[in-house]
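Listed after this line are the structures, all set down as structure tokens.
In the two complexes below, chain A is the common chain; its partner is chain B in one and chain C in the other.
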Partner chain A sequence: MIQNQRGVEGPRDLDHGTTPPDGRPIAEQPKWRRDFPIDWAQDEYVSRRELVKFIVLTSAALVVGQFWIVFKSTFSRRPALSTAAPIARVDELSIGGAKTFTYPEGSTPRLLVKTGANSFVAYDQQCTHLLCPVVPAFELGRLHCPCHNGWFDLETGRPVAGPPQRALPRVRVEVRAGTVYATGVEESTA
Partner chain B sequence: MIRRLRMVRAQRMTIVNAMLAFVVLIVILQLWLLTATMNAYLGGDTGTVVPAALGSLACLGLNAGLLWYLFGLD
Partner chain C sequence: MIQLDYVDRAHSTQTVPVVCMHCDSPTCAEVCPADAIKRTEDGIVQTARKPRCIACNNCVLACPFGVPKMQTKMNLMMKCDMCYDRTSVGLKPWCASACPSQALAFGTRDEMARLRPHAKPVNTFQFGMQTIRTKVNIMIPRDTAVEIVDVTAAMHEPTIGHEILDDVFAATPGGGDA
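Moving on, here comes the complex of A and B:
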């Protein structure tokens, strides 16, 4: 004799559970009844099976995301900037001094830092962590993001401490006849 | 007389639990792949984008195969 789910001995077996009202076995029942079983044990099986289906759907969504990145990287290449634009005079800044500018016109703010008598570096001013503006810490040879204490190397723009994982996009600069020109933007490299 | 061999519920529960564990592991792998690819892409490295997408597609194929097997149990 087999016990049913309430522990009472009865004719029902554990595999089939409660007999549906029409008396036919579970396998012959319509789909809606198989998907909404009477017994807890059957219901547990159905819920696990539905969870597997949902997770496979999530898997498909992640593949869509991956191919969206492929699409973006294939068709959304940014045009290379080739036009030079004046952004500061050499004598305008003292060594260690900084100035914000936009390049090209309408871009996010960039930061120009004078590192020597005739040498400059320039980066995007937005931190690659959560877009807070970075400020120069010239005496440390770094750029600092005060929002989450992120640090970047002043010479390369690479992250050296804190949460940022990617380097700051670099703006190429040239000095011509006492004027600093921005000549292009290098996208951030990991 | 041909009798269809059906697994009992306890056996199917064991299989579906194992399958659930596999599927969750694969999805976690895909999630890691997506975040790593996005990080590389935003960092300017596009060399890993296509292989990562193909890897993720292979994971989906594996998941779909497991789901197909699960349908076969009913």
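Moving on, here comes the complex of A and C:
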């Protein structure tokens, strides 16, 4: 075997690609020869088999991913918090007033809204669209996310307008002897 | 892939590695219906690409030098590709690396000229009506006028080891009719 190097017959010309059998230049060749070149560098054709393989594997990955999400949400539900924590006094807020708090300690900010003389609702403050903080719009009976004009129902936390699709996670609250306690978090499911 | 052919198995252990000649216009690739055989920029004709090869054997039948081999277990044509994975990074092909006695050698044109001072390289072959130019050269005596090697010229001469076949036919009652 002889390599392409300077040798007994002087320098060999470099390879100019595959020669068609009839020896005519590539411009004079039929179109199929340009479409299916023998030269590796010019080969851009994706075979049916490669395409089918890609589609099947990608679809399989999507299916597995869906099942994984179902599995995860079914079996790895975090245990509900049962310890109550005081978050505000009843007379601290006027009706329609709001306050942020964390529950449990170190959580993302939660929003407590006083809806009546002795009734409160509390939600996670992060909008379920893109995590902007929501603000109460008490007169409308809603919570408003100003980032993308998203609206949530104040009583249930469900989205009513704008981009959000899921309800705000609700924090269960309880009034005991003039103090508001948070007793648990209901993760958003819808 | 290293492919070895026995020269005369009954009488000798000598083998011949069937190295690919790396044609400028590779017949194997020309006849491939699945567009599976590709030639790299440095002129090395590769083993059929696994995602494309349909194991149709066209290349095996078409190659004038008998290089491609069908690996039926893999449904893939494999052939000598000058051990492209090794030679492209400066190593010798496996056949030349493994040969303990340097009966198979791999070197530059200069080294070959020094080893074979009375020979000259020829890389043009005639196969029927087809003229084939190859990247691989064969060495022929320097003082011959031959410029083109006729691959099929010896086709009608008795093959090496023909005595065995002759014996088989001779042993058949009634001559070669059976």
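We adopt the following convention: the second predicted complex is superposed on the first by the 140 of 190 C-alpha atoms of A that agree within 3 Å, B and C clash if a C-alpha of one lies under 4 Å from a C-alpha of the other, contacts with A are read in each partner's own complex, and residues count from 1 in each chain.
In this section, a residue touches a chain if its C-beta (ideal position, glycine included) is under 8 Å from a C-beta of that chain, and two chains touch if they have at least 3 such contacts.
Quick caveat: nothing in here was measured; it's all calculated off a predicted structure.
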| item | value |
| --- | --- |
| Contacts of A:D43 with chain B and chain C, given as first, second, both or neither | second |
| A:T19 touches, of chain B and chain C: first, second, both or neither? | second |
| Chain B versus chain C as contact partner of A:V70, first or second or both or neither | first |
| Chain B versus chain C as contact partner of A:R142, first or second or both or neither | neither |
| Which superposed partner A:A167 touches (first chain B, second chain C, both, neither) | first |
| Chain A: partner with more touched residues, chain B or chain C | B |
| Contacts of A:K99 with chain B and chain C, given as first, second, both or neither | neither |
| First, second, both or neither for A:R158, with chain B first and chain C second | neither |
| Chain B and chain C footprints on chain A, overlapping residues | 15, 41, 45, 49, 53 |
| Complex contact set, residues of chain B against chain A | 6, 8-10, 12-13, 16-17, 19-20, 23-24, 26-27, 30-31, 33-34, 37-46, 49-50, 52-53, 56-57, 59-60, 63-64, 66-67, 70, 74 |
| Of all residues in chain A, those that touch chain B in their complex | 14-15, 27, 34, 41-42, 44-45, 48-49, 51-53, 55-56, 58-60, 62-63, 65-67, 69-70, 72-73, 165-167, 187-190 |
| Chain A to chain C touching residues, read off their complex | 1-9, 15, 17-21, 36, 38-41, 43, 45, 47, 49-50, 53 |
| Chain C residues within the chain A interface of the complex | 19, 24-26, 29-30, 34-35, 37-43, 46, 51-52, 82, 93, 96, 106-110, 112-113, 120-121, 130, 133, 135-137 |
